[in-house]
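Heads up, the next two complexes both have chain A, just with different partners, chain B and then chain C.
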Partner chain A sequence: MIAYHLIYIFFGLGVLAGGVNVVAQKNPVNSAISLLFTFMCVAALYILHGSPFLAMIQIIVYAGAILILVVFTIMLLALREPGRGLGKFWTMPQKLAALIVGAALAVELAIVAVQGLGDLAAPAGASLAEIASPATLGKALFSKYLLPFEVASVLLLVAIVGAVVLTRRPHGTAAAIDAPHADETIAPPAGDEQGGQA
Partner chain B sequence: MLISLLIALAKILVVMALFLAATAWNTLFERRVVAPIQNRVGPNRAGPFGLLQPIADAVKLFFKEDIVTDRAEKFLYYLAPIISVSTALLFVAMVPFGPEVPSYLSTDNPAWNKFSMADLNVAVLFVFAVSSIAVYSVLLGGWAGNSKYSLLGGMRAGAQMISYEIAMGLSIMPVIMSASSLSLHEIVVAQHDVWNVFRLPWGPVGFVIFLMAMLAESNRAPFDMVEAEQELVGGYHTEYSSMKFGAFFVAEYGNLITISALIVTFYLGGWQGLPFVDVGIPAWLAPWLGIVWFAIKTMLLVASLVWIRWTFPRPRYDQLMGYGWKVFFPIALGNLFVAGVLIYLGQHFGIGYFG
Partner chain C sequence: MIPVSYPLLIGALLFSIGAFGVLVRRNAIIMFMCIELMLNAVNLTLIGLSGHLQVVDGPIFVMFIMAVAAAEAAVGLAIFIALYRRKATIDVANFNILKG
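This part shows the complex of A and B:
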């Protein structure tokens, strides 16, 4: 049991250290990799809580789809000068706004954590492995929570259509001929998110 | 508790040692196979049939000068080959090499008797997760070296891997539905009567798409856009030398074995033998024979992948993305729908042969 707690604390500290490092790094790519580290540590925490399914989804969706898109964007924008950080572009009002939003989020999290402490006990008559198994989650998702699930997929579909519309240029312009695979480069993350969710 | 840990460690050690050795000699295998295809002799000087060549290669790589490019992002530059090798090794963790053996030790923990490092109930998702982490090695490797060519190679490889992940996921879905499980062990067990590749009509279609998607995922020719020597010098590992390049190399050849093993697991019946050969084999031998079947199938698949590499020309990059999004993706989606309907009919009404 001691070993469990030590491992738990290790990954918990990893989440915190990664999160702090995301903000502290000058280079945006380093920040993104810190964020990757944080996601992995969160996945490890899910596993320690007995839910490998959530852990895997966490890695596939956040690390495999969303963060990859972020890294792509950073690399495409900073193409000319690798190593130039975004840190110096932050003005004082921006820093202040970030501080306020961050503090609000922290308070919110604290409230949720305190309120949630009462609900920690698992329902009687079922083992943790059963509750967290993909089969149980799947059944719940397609019966009790079918409507939110479908609404979320429609939302993602709207996002995909939006991305396609935004990247589409009018036919016949020079740009459309010039960049035949612009659509395809933008499209993957949107589709991948959908694949990860489904 | 302790003995579980020891057994897990022993499994890891054995599998890793075998896997790394297989990876090393896989390089020799490919070079020996490609030589006659290109009308050459191939490496035959180091040892009999050139069998010591991989050792010579490794020693050579270790003693090469370790160059780090000027203005490289040091940390990420070192991280990329590490991610590359570790994801290649992580893939193996889920592969079931054989059926459960009858218990020699104890029946306390069923996991001890399984021929795999781990049998998760989310093993398929684990494979997806690892393959999505593998993209980072290519992206970071291309970016950190501060070179145009490797950046271009990394970016296009990253886009390619993300695109083909979708076709890969959709082409595995029918297999999962047919086995009603995400565990690779149970997927293989479910193929006892019919291998998935023979389950008409979705089996062959899914198999071909999965094969193509895995080739593209591992950046293997004919989809080796990453390297494309004629256009990009050497792709994302242009700026790497010495054992850091060796790490990428190990990962590439390790991935070749792993994707073969995964294709065998998902579509070619895993450790299941041919039905008519199984008759009359004593029960104590059967599980060990499963390993032999698995090894034979995997080796045959590796051989055909090598053959494919040196036979087919490389498509253009836009053609490659076109295949992924306009051909494989819709076909895989349609295949998923057909398979879903058929499997539902089979499981609930006993129609067809999927029951």
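This part shows the complex of A and C:
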């Protein structure tokens, strides 16, 4: 049983270390990889809570969809190029204010978490194994939470349309996003043609 | 079993780290990643409390939060691309036209 606690604390510390690394890394790609590590550790915590189903959803949605979108955006925006100030932090006054706000938030939430525990009823089982099984979740999702479920599907549809509309290039304008790659995209075909002729 | 204070404390610290990151970073994509950290902290808190109280609502809300996070990722990253087209940067210090 003590090993169970130690494994939980190990992955919990992994979550926190990954979170700190996301904030601390200058390169957005390194932050993204740290974020992947954090998501995986959170998925491990879900498994330790007795809910492998939610852990798989966590990996598929967060690590599989959201993080890939982030990495693709980093690639599309060519954020590796220096001189754009992309690794910058805010300067001292704002940094100090952020530190105070973050520390205050952490202390407040920790106090609430510890003090609020006295009000909670004694745990019946403390494991999610039966509560969060796919069958139970499906029944709740299609009975009690049917309306939010349908609203969520509409929300996803609106998000798809919104993403397409936002990224659509206006007619007749040269997009700035293509500029960094302009010579790269033109050069390789010319090189191939010359190579073929030679 | 696991004490309920473990997920609550980890969630509290992770949320604070995410809030600190949003406030201290200037790169919009890294700020977005910190928002994802905060969402994960809330998910972990919901899971921990749901296991403690033996209610199904926590995992259901986790699934809804994941759906909202996916929608947010699609729209948010599209906004970053639109911003980048306009100013060729996503440093949020350059987007201050609402400043009085």
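Here are some notes:
Criterion: the second predicted complex is superposed on the first by the 119 of 198 C-alpha atoms of A that agree within 3 Å, B and C clash if a C-alpha of one lies under 4 Å from a C-alpha of the other, contacts with A are read in each partner's own complex, and residues count from 1 in each chain.
What we mean here is this: a residue touches a chain if its C-beta (ideal position, glycine included) is under 8 Å from a C-beta of that chain, and two chains touch if they have at least 3 such contacts.
Please read these numbers as outputs of a predicted model, since none were measured by experiment.
Once the two complexes are laid over each other on the shared chain, residue contacts for A:G102 go to chain C alone; chain B is not touched.
After overlaying the two complexes on the shared chain, residue contacts for A:M75 are found with chain B alone; chain C is out of touch. For chain A, the partner touching the most residues, choosing from chain B and chain C, is C.
Shared-chain residue A:L137: touches chain C; no touch with chain B. According to the touch criterion, the shared surface of chain A, contacted by chain B in one complex and chain C in the other, consists of residues 57, 65, 72, 76, 79. Put simply, chain A touches chain C in their complex at residues 4-5, 8-9, 12, 15-16, 19-20, 22-23, 25, 28, 31-32, 35, 38-39, 42, 45-46, 48-51, 54, 57-58, 61-62, 65-66, 69-70, 72-74, 76-77, 79, 84-90, 94-95, 97-99, 101-103, 105-106, 109-110, 112-114, 117, 120-121, 123-128, 131-132, 136-137, 140-141, 145, 148, 152, 155-156, 158-160, 162-164, 166-167, 169, 175-177, 179. Only residues 1-2, 4-21, 23-27, 29-30, 32-34, 36-37, 40, 43-44, 47-60, 62-64, 66-75, 77-82, 84-91, 93 of chain C touch chain A when the two sit together in their complex.
In the complex of the two chains, the chain A residues touching chain B come out as 27, 29-30, 33, 36, 52-53, 56-57, 59-60, 63-65, 68, 71-72, 75-76, 79, 82-83, 133-134, 180-181, 184-185, 187-189, 191-192, 195.
For chain B in complex with chain A, the residues that touch the partner chain are 71, 73, 75-76, 79, 120-122, 125-126, 128-129, 131-133, 135-136, 139-140, 143, 146, 151, 155, 158-159, 162-163, 165-166, 169-170, 182, 317-318, 321-322, 325, 329.
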